[in-house]
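Chain lettering (A, B, C, D, E and F) follows the sequence in which the chains are written, and residue indices restart at 1 in each chain.
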Amino acid sequence: MDALISNFASPIVLAFVLGIVSRLVKSNLELPKPLYQSISIYLLLAIGLKGGVELSKTSFDVVVWPVGATLLLGVVTPITAFLVLRYMGRFDMDNAAGIAAHYGSVSVVTYIAAMAYAESVGLQAEGFMPTLVALLEIPGIVVALMIPLLLSTGGGSVKKAMHEVFTGSSIMLLMGGLLIGFVSGPERFASVEPFFVTMFNGALVLFLLELGIVTASRLRDLKKAGLFLVGFGIIVPILHGILAIWLGLLAGLSVAGAGVFAAMVSSGSYIAAPAAVRIALPKASPTLYLTASLGITFPFNITLGIPLYFVIANWMGG
Amino acid sequence: MLMTDAILITIIAERLLKKQLTELIVEKGAKGYTITDASGEGSRGIRASEFEGRNIKLEAIVNQEVANKILTAVSETYFENYAVITYTENVKVVRGDKYL
Amino acid sequence: MLMTDAILITIIAERLLKKQLTELIVEKGAKGYTITDASGEGSRGIRASEFEGRNIKLEAIVNQEVANKILTAVSETYFENYAVITYTENVKVVRGDKYL
Amino acid sequence: MDALISNFASPIVLAFVLGIVSRLVKSNLELPKPLYQSISIYLLLAIGLKGGVELSKTSFDVVVWPVGATLLLGVVTPITAFLVLRYMGRFDMDNAAGIAAHYGSVSVVTYIAAMAYAESVGLQAEGFMPTLVALLEIPGIVVALMIPLLLSTGGGSVKKAMHEVFTGSSIMLLMGGLLIGFVSGPERFASVEPFFVTMFNGALVLFLLELGIVTASRLRDLKKAGLFLVGFGIIVPILHGILAIWLGLLAGLSVAGAGVFAAMVSSGSYIAAPAAVRIALPKASPTLYLTASLGITFPFNITLGIPLYFVIANWMGG
Amino acid sequence: MLMTDAILITIIAERLLKKQLTELIVEKGAKGYTITDASGEGSRGIRASEFEGRNIKLEAIVNQEVANKILTAVSETYFENYAVITYTENVKVVRGDKYL
Amino acid sequence: MDALISNFASPIVLAFVLGIVSRLVKSNLELPKPLYQSISIYLLLAIGLKGGVELSKTSFDVVVWPVGATLLLGVVTPITAFLVLRYMGRFDMDNAAGIAAHYGSVSVVTYIAAMAYAESVGLQAEGFMPTLVALLEIPGIVVALMIPLLLSTGGGSVKKAMHEVFTGSSIMLLMGGLLIGFVSGPERFASVEPFFVTMFNGALVLFLLELGIVTASRLRDLKKAGLFLVGFGIIVPILHGILAIWLGLLAGLSVAGAGVFAAMVSSGSYIAAPAAVRIALPKASPTLYLTASLGITFPFNITLGIPLYFVIANWMGG
């Protein structure tokens, strides 16, 4: 309970709320698009860099199992999401696969919020977590986009979508950052650390302000999305989260690491996936997949989900 | 001033289609194009590129034949599933040979 | 390619009026509109929205009747006190039923 | 005298001068608009956050009187400004009310410059000053816009103008920041402090560079504005400043607090007020109200005014 | 609504020429102009202003005579060495006296 | 060798490489233009400020000779470059003068990379180096643009080009920053130091990412530029660098100072010069001068050139 209040009262979550409120009162507040893009670039690169530097200090043995768990979940989660949507939710092929692609991938901001939460309750997740974020971003999208292909529908260009995914700016920045951080190592990284590490949480406040504004404009679509999708956007993430905690602990992650891992795995992408799905599955409705991942799962995760995953991780592995 | 008649074709579309559309119009014979950022609302509403926040407005000066090819290609490929609108105008250009 | 004649109406105005003007044109019957950022100079000079630094350019494809309504409303409400200019052009659109 | 030189030689004031000079030599130097907007957003949110955190440490008894003094001056100053303009300056109703709205509200940058000045001379104003800034922003505009309404002229939409004022981005950010800071408290704020506090003065340098450029383009309008307005833009702020010092000290502010308070109260808004006045009083000339508040009072205040208020505050309350 | 016929002249050029071109068109008699940022590709490719990344699109509503003067001046001064294209359209404006 | 690897493994150089790679794999990664412009403004102002503060601590005797050497090289280098291009490379008058203008001026980022390199190998160049950067920016362009004028060809407007050079934003920011820093002095500068000094290297990483992307789009022009220009873009900088080291040491610079000085003098401008040349010599081909300075010399300098200049400086003056 304390943990929950503490999470709600963090400047990051409160900035998200401010964004939602300001949209609800029809304020003209908005971040200039270039600022929003700049902060995205900064956050992705910073995560990569920190992850790379940490990785350069970590032995292979320690990472190999968590990496395996990440790839496994990148394959499993889009499939479970697809099955639930298609056979329980009766969504058509395109929409089921489109939404599944989002849940197979990862929301970087949810990851960051989980890291910040861990810190705020005095825990410390493994330093190589950003490596896992980068690895989790792609396979889920690929797997989900394969489904309609295998079941031979589709119509959009999967090849173009794959190029979009692999050379998309988020992957470039995360992977590029990882490599730069890894090659530079802690000493050479020191001179850029104030910019990329010390400023990180502050920049995140601005980012979540804008994300709140964007999310609020999604909320009016909740009705179109329907009750099933709302339930889906809360329950499936919890199930994926529990699965992630279990596998994460098995792979040797700490309790904090498993909590963060659960937040990552449970989250739905809203940057890389939408672009890829829009190209590969043009008939899938953006209203559905964006409302689910950004309008339902994201707010759920950063308010209730993250503390919940930590409680479960603590209970299963503490 | 010697002016030549030409067609100015304008395509307004979600930003995600930028690369595909510019490739398309060059392939159909446009010698150049100009892009501006735009935003807007229409009858179909939401799109996936909302994160990039904006539409693009693609303008090209072409001759009637190229205009027709572009119009046909755009409407066949994009009209059904994407937020795209297209219109043409008559303009007069200097040094028409450059574009037509 | 079946094209329909339509009117492209353009309104250039200080940014402060963005919300009011988009509401106005939708109210008068426009089915959509496109906005681009612009700057410029005219005969009347300074405006209060200088901090936001720019004008907006609002374009809508409409039929002649809607165009007339918008023109009348804009000139009655805004011409006296604000930096606003408006003009129309003839264009041809694909799938005219969508806008007209 | 020393204080004056010290103020002139601060990077913040010098950046403002650089902006003016670069416009005078017709340099093409300008900050990209999105940068300028981003810094505005940052500064407003940062002020709110700092104020909120401080407020969370302050007892109600200490703030209640300064808050009262602020609201009182928010009502009084637009009226004095209006009376001077209408009956001494012979301005028409719309212009008098339009300019008065600006002087009833507050220039956030003047407030910041006053805080920086206080620090540079080794003084420390009360931590809750940002609360007062946020409170002072609105009432002056409301009161001034009511005047032509009561005297039944006008023509613009006061209702739309009010919505503009209350949901304008500056109020959203200041008030939102205050609440976030207040709820978060010092501990949770710590992780974002480097971004919002340590970087503050540097970001301000960039902001004042642009403000110098904008102000310089106002200077050529001085002639159109007329001698009366120039005198108004200097003398009325001094009078409002003295009034503020007197009330501020009465309300229990320290000498530094009273100096900063005077700078706030004397200053003219050039962000919230112009937008509101443009909508509510379209016949009022932007040339007049922007030249007065941005072209005359702002440069006066950040160069001579602020040190003067501190001298007076020291003399009255020291 | 009383509308006047006018010419909308559009100049797309590398950003470096912004100041020179606006001075030119005002000198030739334009009463105002509107500028938007644009990017694009044409037949001549690279320019020096690449760092600023974009072209400008300069639009002015003028009468036929001013349009001719601008067209002549632009083509004589800039066409050889710079990335510039120009075209005109017929438009109808409200309160034509203001621009013509 | 170690020095070389150390230079290659710095986050700054690696970010440049990431930019190149991301363009080669056709990623859609790009920095929003306003961010790029904002960082340019920030870097130039920060260099000026730091230089000014340092200058305020330095006696006239110490700077006068390096200043003389800078001005001398600003006159000499465009002439040598012009002669090589015109008489060995058989370039026409306009192109020879246009390219020479770039090599007479200076690349600020090369300067910064050299300073960062010095630091990374534990050396410290003189604090007044930014003063020299500011002084080196202009004369080379002026001299080069004079050549076709004296030999009476041309056709563009040299007067407009000169105004462009002297009031261009880079000169405004560098010189303005220098003056502000000088007048403020170290104490008043302290409050903005975290923003302008501590963040500097991090911001540079983002800048070089974009510069890598821009450079990569230059690389496909290498063929058009021809082999002679490739050779020119490597050999002439080395010669200019050696000349700079010799004169720099004579003028009393430290070994590190001479190394940085060589990097500056050898570098080709790609911000101030292109704009001026485009206006003064419209017939000169941007493809040639940008490919040379940005596509050849810049990457050469920040990877191999800088370590080389330091080795030579050490060998001549150590």
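Heads up, the rule we're going with is that contacts are C-beta pairs under 8 Å (C-beta built on N, C-alpha and C of every residue); 3 or more make two chains touch, one makes a residue touch a chain.
As the structure is a prediction and not an experimental result, all values here were calculated from the model.
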Going chain by chain, each one touching the next, work out the least steps from chain A to chain E. 2
Moving only from a chain to one it touches, give the least number of moves from chain B to chain C. 1
Would you kindly say which chain has the C-alpha centre located farthest from the C-alpha centre of chain D? B
Greatest Cα-centre separation from chain C belongs to chain F
Measuring from the mean C-alpha position of chain C to the mean C-alpha position of chain D, what distance in angstrom results? 35
Distance between the CA centroids of chain B and chain E (whole Å) is 20
Just the number, please: Cα centre separation of chain B and chain F in whole Å. 40
On a C-alpha centroid basis, what's the spacing between chain C and chain F, in Å? 47
Touching two or more other chains - residue numbers and ranges from chain F: 28, 32-34, 37, 194, 199
Residue list for chain C, restricted to those that touch at least two other chains: 36-37, 89
Interchain pairs in contact, sorted by label: A-B, A-D, A-F, B-C, B-E, C-D, C-E, D-F, E-F
The answer for chain E against chain C in the complex is residues 1, 3, 6, 8, 22, 31-37, 61, 89-95, 98-99
Residues of chain D touching chain C in their complex? 33, 36-37, 160, 214, 221, 270-271, 274-275, 277-279, 282-283, 286-287, 289-290
Considering only the defined contacts, which chain B positions touch chain A in the complex? 14, 16, 20, 45-54, 80-82
In the complex, chain E touches chain B at residues 12, 36-43, 55, 57, 68, 71-72, 74-75, 79, 85-89
What part of chain D is in contact with chain A in the complex they form? 32-34, 37-38, 41-42, 45, 49, 163-164, 167-169, 172-173, 176, 179-181, 183-185, 188-189, 191-196, 199
